[in-house]
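Below: a set of structures, written as structure tokens.
Two complexes, one shared chain (chain A), two partners (chain B, chain C).
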Partner chain A sequence: MIDEELVQLLTPEGERVTHPDYASTLTGEQILSMYRDMVIVRRLCNESTSLQRQGQLALWAPIQGQEGAQIGAGRALAPMDFTFPTYREHGIAWCRGVPPEDVLRLFRAVSTGGWDPQKYRHHVPTIVLGNQVLNAVGYAMGIQRDGADEAVLTFFGDGASSQGDVLEAFVWASSFNTPVVFFCQNNQFGISTPSSTQSRVPLFRRARGFGFPGVRVDGNDLLACYEVTRAALENARAGGGPTMIEAYTYRMGAHTTSDDPTRYRVDAEVEVWKHRDPIERIKALLVREYQTRPASFEAVAEEAEAFALKLRDDVLAMGRPDPLSMFDHVYAEPHPLVEEGRREMAALLAQEGAH
Partner chain B sequence: MTTTTMTMAKALNEGLRRAMERDPKVLLMGEDIGKLGGVFRITDGLQKDFGQDRVVDTPLAESAIVGTAVGLAIRGYRAVCEMQFDGFVFPAFDQIVSQVAKLQKRSDGVYTMGLVIRLPFQGGIGAIEHHSESPEAYFAHTPGLRVVSCSTPNDAYWMIQQSIESDDPIIFCEPKSRYWEKGEVDLENPPQGLYDAVVRRVGTDVTVVGYGSSVKTMLRAAETAQAEGVSLEVIDLRGIAPIDFPTLVASVQKTGRLIAVQEAPRTASISSEIVAELTERCFYSLRAPGLRVAGYHVPYPPARIEEEYRPSVGRILDAVDRVMDFEG
Partner chain C sequence: MSTEVFLLPDVGEGLIEAEIVTWKVAVGDVVTLNQPLVDVETAKAVVELPSPFAGVVTTLHAEVGDTVAVDEPLVSFDVGGERAPHANEKQVVHDVADEQRREPVLIGYGVAHEEPVKPRRRRRGGDLVPSPPPAAQERPTDRLVGAPVRTTPPVRLLAKQLGVELATLSGTGREGIVTREDVERARDRRTSSATPSAPAATSAPTRATSRFVGREIAPWSEGPREERIAVKGVLKSMAEAMVESTTHQPQASVWTRVDATKTVDLLNALKGHPNFAGVRLSALTIVALAVCDAARHFPGINSSFDAPNNEVVLRRYVNLGIAADTPRGLVVPNIKDADQLDLAAMARQLTALVEKARDATTSPAEMAATTITITNVGPFGVDGAMAILPPGTGAIVCVGQVAKAPWIVDDVVVARHVVEISMTFDHRQIDGALASRVLAHIGRFLEDPATALLARSSVAR
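Right, the complex of A and B next:
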């Protein structure tokens, strides 16, 4: 379809295809469970967009179209693996067990992080493109030194693939053979910049030049994303070193709610990708192969609606942080300037409160 | 008291060795720091004794040295990163200000960023371009970071260990022109706290404050001034961020005059901060405006003319004359 080297286990029509290197190992029950994940995460995304439009979020970064890539990769993780996301890995956060409302704290502008990264083994969101990819490789160096049976999965996009940090991370991971998997979601755009501006060769082919394998997977094929990621993580844990996965997908929505994609892409292209929707093809598979009944899909849809209502309530309940909280955790040890600022603001707030 | 004489380079080496012996999570990362022992030989012999996993010869990529140190910190390691020269820290600037400085905050205190970035800084060794710079103000300006500088072998030995033990990220500025100067090192008793300023010479007429290589220059100026009947109190700042203002305030309240010395360009600098803060805190004690003796607003010059750029005894004494002669 796109490239003969593309790993695909399920066509856009929901028909299985075979691949010489990868075979689907998921049961019908697992696939239905991952279908549920994708539906809920899409609902989270839609609700968040609405909340932003209603002035309840400062910004939102949608993932419509990328649910297959994220749930596939996210469900391939072992509990002790560690993940390093960008600001768009809502599906990964979901798989890691991060409370959904915590994902929205950054976007509601009540936090610069949102969750306990050690508890969920999911690093806080990184907005500076590519920084987290180096952090991930450093974490993997720690795993090596601990002799632990763990791996790191880190995320970036086609845009960030041009960042020096990402390319330095490739060098490092290769030289030290670190247990890290680079998961690049090529969603075709860095805001408006097409991926062709970032690279003249398919991104996955870059890996070979750095000395480790690169795999292009159909990013809208949940089954393929799961198997390719699982194999790469297993290889990393076994000491096989890094792998780069390019999940070839499409950002169906805007870059963020501040973006207007109609200025740089045509509807016809979006229409083509609508037919490759990751959720619809899994639904087709479930119906065809597992005789999943409409009632099951309806139950998931109802659950997603209830989820969205609760999410909305949780977000609206997030009040303004205590202004004095800005002075917390700037340093681990006491710092005179931070304490001076805290005292000054506390006095001002007390004064305001007195009037 | 067990004291021994050694160079600052050796004192740093011994300090790193002790930190590594004490804590197996301490590791060193940098370019050419293994077999070669670093371009200044600060890590000489450490890879032989601690192995390649703890003294890591890295690819030549400064952003990656710091960026991976962040990941190691998240994993519970304490990385000591060597930047080969001051002028080569800038590829790592993004990781330092965007991640190192902010991750404790962004994780609500879950992470600690206990890492050290060693920076051979300041000039005076006749080097070519990018090898003699003083970038400390960039880091002092950034919330989340701490910056220190040593000026003696004893401080080098202890401050590097204290920095490694700290749970906060520290930019550790080493005055490379003083690496080969010897001094007494007390191997048993640590000196003051890491950020405490130290009065190196007691005086009554003018407070002269600086750090790193400037400390020795200030002490020389004090000798000359003494011969001319002017008593300088010389303070070694040690902590660049945060600055130990109580010690400076006590001195300026006594002397009524202030001169801040640094090699870095004067504008928006550490000396600017010192003069501004002490003007606020000691306005009624000051008998003359606080002055700055600093580098000029030019790129660091070719080494053949660097001594005209760096604060010299003569320039400090000119400033002393100005504050002593000032009539408000």
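Right, the complex of A and C next:
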């Protein structure tokens, strides 16, 4: 497990370590603010899991354990950068300012998207594995042609790293030297398949073969995730081309609420990773180095609790969508076949209403 | 007072029912929002359902073992005061009433097909459990001594592999034929009564204390005060070899400790596999593969110093010597071209080698031309040794016992299966750097044998 190539700026015990290529630039205030992000996002995740277990969400994809990777990467973005998430990037959505209830709208199955991607510079979640990585490279090629001072940050997991889409995207990104950063959260499992089964080399090393740098970062180290992502995005905006970041982390919970992780992994492994919790190590750093008082942590916890209650109310208040609205977003322009479907559906609804 | 009813939700994208595993609340309990109420088992998982309400539990609508259909009542609550604005009497998301058939699509799981099932309740406790087949007649028959046992060739092979004496079995098959099951049952009886996992490469431990230099010796109180034993046979070979080695081969050693947990896991996973039936599987098997793999990567370790000709002999094949403790004493037979073997073949060859050595049927040819050696002191319960080279070889690897020990994984102390490995090498042609690299390579192999075996299969020539 001791990996010389792993970028780490903070140990699991919350002690700083130095790295030749990266140094932490965050102030105590920024770190506290990011601690708050992580706590709220974890609370969001817990509440959403409960809501799913109570029949209020169709599905939920938990992120426990990955808050450090997501808040670190999410807070490293510049306002005009664009992000392409999977279905698990709740922390990135939070950093981009997407209202959490809009994220949950999708998981309650009352929306097929939930927000305007341009407004938040955050694409709607892609459920199809790996597809968003191609979209991201295409978007980055557009940035190149516009000459814009922007970069694209796209997400995928160790499982999706085996998808053809992701590897094709690597080829295009490399060939066109696009301003894109590939952020792979290696949470060790593609549902139940260990990442060691999927790749014989550490994932970040694949980048080298495609012709751009790959970096492995301790995905439970907020400071390192922030600095590595920030540097990669800056490099992309400056014309330096793509970077792949492998955030080495662990999915503490299930793949989704439909999954039972006890069937394919052992408790001992989970116990080991508990000691590497991304939130606890930041808390330790804040106490040790910035003398953050217990009252500050309590305030964050209370805020997260209130946030969860409001989120629950918002979810329970969501109505059913108008069935006809499903025809609105099939194509950008009107299409005769879609219109025909809309008319048939309207007639069917009218008929049912008459009964 | 107002009542709220929690209906069983579909917790897994298209499930139709769940079984109550454990109630965590009782009627009359005051519960808070999201307090765990019950564990239910679905077709996919056991999940804990948190309470959607704060209030007092008034009814549990099912008992442990009951199967409840989705959208049927699970728990009723008195939530006091006014009705909550968003009562979930009817689930917004999961509406099964108008669905005859569900074909759930899960992320990554594909489409599942379920027959339409009417929501129902039934008790699990009353289900019949199929009884095991009637036990075979295991009393010995009055079969004539020396008569050939009636069975089939595959079963004879199996019996041989498992070391089961066919003549001791009475067949339960048609017309008294000995079946595969008979042989396996005999094996199971033996293993359940035997002491756990007799170590490889050792002789019968009960006799060990009365044996010395390959012969029986009298107990302390019974033998003569002083005894002289002629140096011959295996004793003579050992003595000459050690003198030869220490006189002519300048030797040095390196050692390391390794987290062999994954090796232990792998061995446990393979033990039940039919490919390994009747075959010894131990850490030695993996070490043998690791040593061969290390030789492929660092051929220099697989060399010897030919002083008369003033040459170093570099070998691109491994004749893997295994130091075996036999009733006759120490013998070191080898496996020819061991670098060509996969895991199953290596396990088989090691098993055969050890059994031959124990039965004293090892031929001189099987002890000649060793290129590199392994000695396994683990079965004796010690951590390691500084071995002495068999003459004419460049390196010997020593493996200690695999035992749980505190180990630091990313700055956390955890219990892991740890093993110490050491290597003694001929310092005329092999330097400490090469020896260290080789030993580290073997260590990495033991730390992640599955990956190493995969990598190995891709470079095998």
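Definition applied: the second predicted complex is superposed on the first by the 353 of 355 C-alpha atoms of A that agree within 3 Å, B and C clash if a C-alpha of one lies under 4 Å from a C-alpha of the other, contacts with A are read in each partner's own complex, and residues count from 1 in each chain.
Just so it is clear, a residue touches a chain if its C-beta (ideal position, glycine included) is under 8 Å from a C-beta of that chain, and two chains touch if they have at least 3 such contacts.
Predicted model only: the values in this text are computed from it and were never measured.
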{"item": "Room on chain A for both chain B and chain C (clash or fit)", "value": "fit"}
{"item": "Which superposed partner A:329 touches (first chain B, second chain C, both, neither)", "value": "first"}
{"item": "From chain A, separation angle of chain B and chain C (C-alpha centres, steps of 10 degrees)", "value": "100"}
{"item": "First (chain B), second (chain C), both or neither touched by A:108", "value": "second"}
{"item": "Shortest span in Å between Cα atoms of chain B and of chain C, once chain A is used as the common reference", "value": "14"}
{"item": "Touching residues on chain A, where the partner in the complex is chain B", "value": "84, 111-113, 116-119, 123-124, 126, 128, 131, 134-146, 164-165, 168-169, 171-172, 175, 328-333, 335-338"}
{"item": "Residues of chain C defined as touching chain A within the complex", "value": "6-13, 33-34, 44-52, 85-86, 88, 91-94, 106-109, 409-412, 414, 448, 450-451, 454-455, 458"}
{"item": "Interfacial residue positions of chain B with respect to chain A in the complex", "value": "27, 53, 58-59, 61, 63-64, 67-77, 79, 91, 94-95, 98-99, 102-114, 143-144, 146, 166-168, 242, 245"}
{"item": "Residue ranges of chain A in contact with chain C within the complex", "value": "1-2, 11-13, 47, 50, 52-59, 61, 87, 108-110, 127, 129, 159, 190-191, 196, 200, 254-260, 263, 268, 271-272, 275-276, 312-313, 316-318, 320"}
